[in-house]
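Think of it as A, B, C and D in the order they're written, each chain with its own count starting at 1.
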Amino acid sequence: MLETNIKPSCLKPEIQAITYAGSGDFVHLYMQPPAWGYRPGQFVMVRPGEWGNDPVWPRPFSICEKTSDSLRLFIQVVGRGTSLISRLQPGSTLDMWGPLGNGFSFDPDVPLLILAGGMGIAPFIGLCKRHPHPGRINFLFGHRMGIECYPFAELPQKVNKTHLNQQTAGDIVSFQKVLEKRIRDFSGRGRILACGPSPFLKVVRKYSIESGADTWISLENRMACGVGACLGCVTGTTTGEYLQTCTHGPVFRADEVVFEEDDRLLSAKPHL
Amino acid sequence: MLETNIKPSCLKPEIQAITYAGSGDFVHLYMQPPAWGYRPGQFVMVRPGEWGNDPVWPRPFSICEKTSDSLRLFIQVVGRGTSLISRLQPGSTLDMWGPLGNGFSFDPDVPLLILAGGMGIAPFIGLCKRHPHPGRINFLFGHRMGIECYPFAELPQKVNKTHLNQQTAGDIVSFQKVLEKRIRDFSGRGRILACGPSPFLKVVRKYSIESGADTWISLENRMACGVGACLGCVTGTTTGEYLQTCTHGPVFRADEVVFEEDDRLLSAKPHL
Amino acid sequence: MDLGVTLGALRLKNPIMTASGTFGYGLEFTSYGRLEELGAIVVKGLSLQPRKGNPMPRIAETPCGMLNAIGLQNIGVEKFLQEKLPRLPWKETPVVVNLYAQKAEEFADLAAVLGSEPGVGALEVNISCPNVRQGGLQFGQNPDAAVRVVEMVKKNAGQKPVIVKLSPNVADIKVIAGAVESAGADIISLINTIGGMAVDIRTRKPCLANAFGGLSGPAIKPVALKMVYEVCSTVKIPVIGLGGITSARDILEFILVGASAVQIGTATFTRPDKVFTLVNELRELVTQLEIEDWARFRGSLET
Amino acid sequence: MDLGVTLGALRLKNPIMTASGTFGYGLEFTSYGRLEELGAIVVKGLSLQPRKGNPMPRIAETPCGMLNAIGLQNIGVEKFLQEKLPRLPWKETPVVVNLYAQKAEEFADLAAVLGSEPGVGALEVNISCPNVRQGGLQFGQNPDAAVRVVEMVKKNAGQKPVIVKLSPNVADIKVIAGAVESAGADIISLINTIGGMAVDIRTRKPCLANAFGGLSGPAIKPVALKMVYEVCSTVKIPVIGLGGITSARDILEFILVGASAVQIGTATFTRPDKVFTLVNELRELVTQLEIEDWARFRGSLET
């Protein structure tokens, strides 16, 4: 699973296709494939050429999958930027740089428990498809929209997968119970990888620390540069530092990061 | 020729079609037709919904033609706004208000000499097509790009028309000579209507004043509101006032307006 | 919820006012909406005598904003009172007259003319225009000069509420806000435009004949929001917030930091019925967010 | 044409510098371009001791711009000199160290540490950070305090050119520019960010943990251009212009109003190779406009 050619570059790929799943808010964006390889959990920064001066920032997206034909992102429309992206036309170009961040690291021979919340499924599509032993993967997926919105069905047959719909407050409580049980049961048997909205990651982190599980979580902090320069995306760590999520992460050991009291970032987060 | 229902309104028409003539820089934009009538020389302000916060201003365009099927604008790409407009897709919507300004007024029974420079042809397409006696129209058209870029061939057969290509400095000089001769010859025989870039209008104005011709020119000042409120589009008049081009114009008697020494507006004007 | 707000003696049926200079004399917009539905109409800055304004070009587009240097072209206060005001629905919607003068005494004279006009709902004293050589910033950047103007206007304005419009072109907005409050201002409005410039590298000339202009539009919203917040934390009188507002969300942002009402300026150029549609959008958003009354929402920002 | 410019003792192979805080320590960008091709590299603001910076969130997007309140997180000057500077191509491209301190004495100490470092091309004294409680604007808004800092830095900086970076959050930029020139500044750079704020109407909290932040990006270009023009008309020392630059055209606009060089800040976030590609774009535009030398083009604006 270790890629050797992971030198990031800044490209101007053309959009090959845009498809929608379940609703117009769930977008699969296919672009000309870059020359680089990547590690699942790494991401790219994307900024369509036509944005001109507004919005100023690019938007970070996990690399969902890369084949010899294309690079694919899986994007949910949650605000202005993603809404503009969802209306792009094939043939138009993007500014794109990556692969960025550290990505998930794991031993393919060791069992994996993957915990994905909503759009947190994106990096695991490529991961599971490329995994040499998909039978060693346990996959728990929590989602709020209909399952047809997510590429859940694409996960290899052999992956041991469950999905849980969360519509009501009751659903969320029972999902958290399932999460707790799975984490406790799995602790000591392999590595746990988690990606999803911050409230979800907070819960995963809590149970992981309590049960001493070897859990790695991928953060979705707001980002401006993606390359470690602006210090806008930092996360607090247990050593009392602020580390750039874009370069030191987005994947951190669950017990290494601190979620600040301040939950402004989370409050408006619509995707799970 | 007098329209009765000219009450402006603010609409959100859908784009029906975009076609290009001669080059991708010459755009015919067809929209759902508004309920109002208009007078040739009137214009609309247009701002695509997707512009968000940037660019801030709408863009003014002469009403090229209105049929029961559609409202049509003829637009040359000269900068950021027109470039964005040229890439709009059918089905997307625009904020549009109009009809604005005074438009050309003339007696259909009196001969007309129309002088159009470049995109200044736009308002005259509808005018000539609706004119009850096109045989009474003399049409002189100066253009810099190939004639296939302009809807010149659409002018009714009976219109007595000439076009002159201006590629070189020499062409411009000889075009100005033709202009002078035509204006002098026509003076006293009817009304002259002119539309085009400011350097062209300056020349038309000069010869018209010299020969005492009854000439009306349509100005293309930069506009923000289009409704007389911002005072950003004013033109100096011989009475020493500043009048809003968008409401008191865009059509003025040639001897009524003053072109300010300051030619900042003109300098960057690419369209003739 | 009732959208109405009260700013001292000034009662508005909703917090949405037009911003001076972007809504003409109001009558330009009758084709696009019902003036009666607005919170208030603020008209173009008026001076004692008509003014011709600055030479052209007067406006330039900038990223998410614009520069203007109109130079306060206006028909003069008399002509306004005779020809425009009677045609405005001032009984239903307060008409606020924005005042411009070059000397404190002239401001006082304007106030005297307007103070007894039944159709005038309030005076807005513009001590913040960056586009005129005299009488703009010299008051807005100088607390003592500002105090003098405000005191003189107050003396002549009769019962009319006096709004003082502040300039953002200062190091600390709280100082001038405190000064005009102590001088007797009934209401503060801010911000006016921020000084700016645009140039053309081909002609090597400024894009505006006046060289400098005032920056407005969405670009300046963060600056406006901060200053409105600071002023609201400083003064006790009601504050009208403006600068780059384009949406109902923007309006609530200004109220959240403490404004009692807002003004819509450059956004009017994006669509002439903008200010009218905002009234409905605001009503919907307030319902959606379950805001129950302005008093509890206003200034409820947690810091 | 040779794009090289000379700012007193500072020679750049082209006028394009990076802006402090938007280019990290430079090394973050080696995958995206050759640092050797830049006019100069200005690194993140450094203090004597490492700083943790402000709590999160620290950044917010705004129309055509952004707010930041990083709070000068940095690794401290010593670590920079040991771990970063040796890996930068300082022989080919001057490395400018941006200084932050809370007291004039600390600025002097920083200058003493850096003054004898061969790898340091110039010092940029940041007296304009709006995001820290102490040591930012208290110098940048107060000519006397600014003069004191500049004099103390100059005393310790040896032969290194001292750039003083000004804040736009003042009533009259010419006053502070004149003061720092008279205090011995070799070069002035401006503008730093404009104070601003963003709030979230749902959570009713500021979007930044620090409540206030600094506004940067295209939104502020007109403000920057005006202030650079004003400073260039006031002082005799070279001026570095910045604020919202995203294109070669923007660069020429700043040079047209008098700047000798420019810095690229927020635009770097739109594409990490931006500053590198701008060098080529500038070369092309200069050729297209038939600009023959900087000396004749610089400050040639006709007003």
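The definition used in the following text is that a contact is a pair of C-beta atoms (placed from the backbone, for glycine too) under 8 Å apart; a residue touches a chain by one contact, two chains touch by 3 or more.
Remember, predicted model here, so these are calculated numbers, not experimental data.
S.K.: So which has more C-beta pairs touching, A-C or A-D?
M.R.: A-D
S.K.: Which chain lies the greatest distance away from subunit B when centres are computed from Cα atoms alone?
M.R.: The most remote chain is A.
S.K.: Using the average of all C-alpha atoms in each chain as its centre, how far is it in Å between subunit C and subunit D?
M.R.: That pair's centroid distance is 34 Å.
S.K.: What is the distance in Å between the mean C-alpha positions of subunit A and subunit C?
M.R.: Subunit A and subunit C have C-alpha centres separated by 46 Å.
S.K.: In subunit A, which residues are in touch with two or more of the other chains?
M.R.: Subunit A, residues with two or more chain partners: 53-54.
S.K.: Which positions in subunit D are in touch with at least two other chains?
M.R.: Expected reply: 62-65, 202, 205-206, 217-218.
S.K.: Have a look at which chains touch which and call the overall pattern line, ring, star, complete or other.
M.R.: complete
S.K.: Could you pull out which subunit C residues touch subunit B in their complex?
M.R.: 21-24, 28-29, 31-32, 44, 52-53, 55-59, 61, 63-66, 68, 70, 73, 200, 202-203, 205-207, 209, 217-218, 246, 266, 268-273
S.K.: Would you pull the subunit B residues touching subunit D in the complex into a rising list?
M.R.: Counting only subunit B, the residues touching subunit D are 53-54.
S.K.: List the residues on subunit B that touch subunit A in their complex, please.
M.R.: Those residues of subunit B that touch subunit A are 50, 52-54, 80, 84, 87, 89.
S.K.: Within their complex, state which residues of subunit C touch subunit D.
M.R.: Checking each residue of subunit C against subunit D gives 62-65, 67, 141, 169-172, 194-199, 201-206, 211-213, 215, 217-223, 225-226, 229, 244, 249, 252-253, 256-257, 289, 300-303.
S.K.: Can you list the residues on subunit A that touch subunit D in the complex?
M.R.: These residues of subunit A touch subunit D: 7-10, 47, 53-58, 95, 97, 221-222, 224-236, 240-242, 247, 260, 262, 264-265, 267-268.
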